[in-house]
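This structure is in structure tokens; I'll ask about it shortly.
For reference, chains read A, B, C and D in written order, and residue numbers begin at 1 within each chain.
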Amino acid sequence: MGSSFEKLTEMFGRFPGIGPRQAKRFVYYLLSQPSSFAGELAKELEQLKRDVAQCTECQRFFRGTGNHCQTCDNSSRDGGLLLIVEKDVDLDAIEKAGVYKGLYFVLGGIVPLLEAAPDTRVRLQTLTALIKKRSTVLREVVLALSATPDGDHTMDVVKEKISSLIPQVPIHGLGRGLSTGSELEYADKETLRSAFEGRK
Amino acid sequence: MGSSFEKLTEMFGRFPGIGPRQAKRFVYYLLSQPSSFAGELAKELEQLKRDVAQCTECQRFFRGTGNHCQTCDNSSRDGGLLLIVEKDVDLDAIEKAGVYKGLYFVLGGIVPLLEAAPDTRVRLQTLTALIKKRSTVLREVVLALSATPDGDHTMDVVKEKISSLIPQVPIHGLGRGLSTGSELEYADKETLRSAFEGRK
Amino acid sequence: MGSSFEKLTEMFGRFPGIGPRQAKRFVYYLLSQPSSFAGELAKELEQLKRDVAQCTECQRFFRGTGNHCQTCDNSSRDGGLLLIVEKDVDLDAIEKAGVYKGLYFVLGGIVPLLEAAPDTRVRLQTLTALIKKRSTVLREVVLALSATPDGDHTMDVVKEKISSLIPQVPIHGLGRGLSTGSELEYADKETLRSAFEGRK
Amino acid sequence: MGSSFEKLTEMFGRFPGIGPRQAKRFVYYLLSQPSSFAGELAKELEQLKRDVAQCTECQRFFRGTGNHCQTCDNSSRDGGLLLIVEKDVDLDAIEKAGVYKGLYFVLGGIVPLLEAAPDTRVRLQTLTALIKKRSTVLREVVLALSATPDGDHTMDVVKEKISSLIPQVPIHGLGRGLSTGSELEYADKETLRSAFEGRK
């Protein structure tokens, strides 16, 4: 096959959740489409970084130009609250739940256990700068991370980094308990304990 | 095959989680064992109801004879608390979590949505009698049911049945939130809302 | 719990495909049934070996008494053909396919790779005796084993054992190819080769 | 988000096996990469149709320019044999199995059951023209399709279309039997029958 065939297979193979076999199916799919399709895809790809900007406050990607996303620019959001998530889709999920009215920060990843250089994985320095800037107005920080070993480790890393900057501000994790669909019989000890303590 | 072959296949097929194909494999397995195995199994089966009694208080099955299980007989357990579970293994799970020090009641099942006769599914009358008997000492009732549609429905049914008997006693459900292992991205709205509200 | 509780959990845990957790659910299931259920199960278990005999020819289990199963006793079956299977349910599956009109032999298991003593796993000596007895009438032997590494190994072991006894008789394995439901894209080389060579 | 964000999500959502959620993750992945990545992907996409040509004989996609792929141009391949596959990767799989030395034709899809217009799904007219052109040299046609209901239906459709054009040429399907890894106990009747008939 032509070098662009191999190159595209290799590039699609780096997409999240895609292995070499499916990457190859993507390229065959593109070949089987009218030739306008790949051209249109290429055009949108080049347009993407022009249409989407990164917020200098929360670091999320957003439509349009300018420095701040709609949430960070929204004066009715509570600037005393900061909720930290791993990635943009997590932020979307929490917005959809409609329960939080403060501001956000997107770490851009998680810190795996045993990672010696957490700074290379998540935006720790940008977060530190943001926390310093807001230290006088912050009343609460929520670390909304997945209930996984890597999520717990990221929580520890971030907490250690920011707690000395805002000693008077509580830093909370999300509540644990039974998720929708969980059966009691298969719940682990930790989940049962949290579910019992969080009864209401 | 002999009638006991078909009869055993049919009986094993009623065991929880066992279909006809696996039930048949069970019978072939028994045939392939030394003939002492089936005899020993039969002996233990006949012994089972002699070894195990049902607690007249919490309705769980327990080793030994007598009316009360070790927990209901344990005077150091807090009789002001009642935790209601679906089945014996759920009670075991909560005991292992080591977080609860009161008494239990085992419903013996759940009430599926659309079930017109809940009394045929769970021990509602026995529970009602127990609640009446303890109404003056009860300080809290916890309904520790699975976070499933049927679990939620069972909670509603039980609550409706007992709340008028003990109007002054709070009846709690388990706390919802992220279970161990849950990823934020895949959590539903309800779980995210509970996790946020239960932050700490 | 009573010792019969633990004993039954342990015994059910030896059933094919059953782990300790499901074994325990079986015992709770038995406890929750009317007390007649366990008694009836015990009765059928004791009856099983009286109702079912093992055929001295093919080694399968069959209804009734006597030495021979219905198939081995059926004079319209072709005694020149012998089809060897791993277990009773495999024999049932082939009978249902309705394609074979000869006699059977049930090995009673497979020989895992690296097993030093194949005789402890399958009925090699009984098979050898049977082959010797029928050596003058046999026209074909079919080894109908699973297309797995252990199945292939068992085929090699059995072939080596019997081929010198009946040098003039062809010993066949089952045909390989696409199974119902197989997609070409995911088929391995060996299956594709067999499927191509077996085209028709 | 910018319109290119939604447009790309929609376009990736049409890729084989990709739903809206994963399509969105793809776009966030692209945003998180250095801006050169999307540009490079766009460049390769536009290059793809220049690097890859479609063979006017077998209809596969191949590296380079010109009308014929390497296989169709290879005079040592047997032009008396034609093997018909659903898609390019199936052709690759058979080449890798190294068992076939004739020429190919890629249908470009399958004909689902109940499809009223098979011509819109597969290259029936192109195939018809090819068969006519080669009718005097063809000695065998093999339909190498998946052993699925849609694969079987496609086989019927193609057979009906071409058999009258080459009445003297046998049209074969792939052999059925146990696939590598299949267990006898779980094989369906049809597979068992084919496996038995194809014994060797």
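Some notes on this structure:
The rule we apply is simple: a residue touches a chain if its C-beta (ideal position, glycine included) is under 8 Å from a C-beta of that chain, and two chains touch if they have at least 3 such contacts.
What you see is a predicted model, and the numbers here were worked out from it, not measured in a lab.
The angle of the rotation carrying chain A onto chain C, fitted on C-alpha atoms and rounded to the nearest 5, is 180°.
For the pairs B-C and A-B, the larger set of C-beta contacts lies at A-B.
Mean C-alpha positions place chain A and chain C at a centre distance of 53 Å. One finds 39 Å separating the Cα centroids of chain A and chain B.
Looking at chain B, residues 87, 89 sit in touch with two or more other chains.
Because contacts link each chain to exactly two others and close back on themselves, their graph is best described as a ring.
Inter-chain contacts, as defined above, occur between A-B, A-D, B-C, C-D. Partner chain B is touched in their complex by these residues of chain C: 1-5, 7-8, 11, 15-17, 22, 24-32, 35, 37-52, 54, 61-64, 87-89, 108. Residue ranges on chain A touching chain B, taken from their complex, read 85-87, 89-90, 93-94, 96-100, 142, 144-148, 151, 172-185, 187-200.
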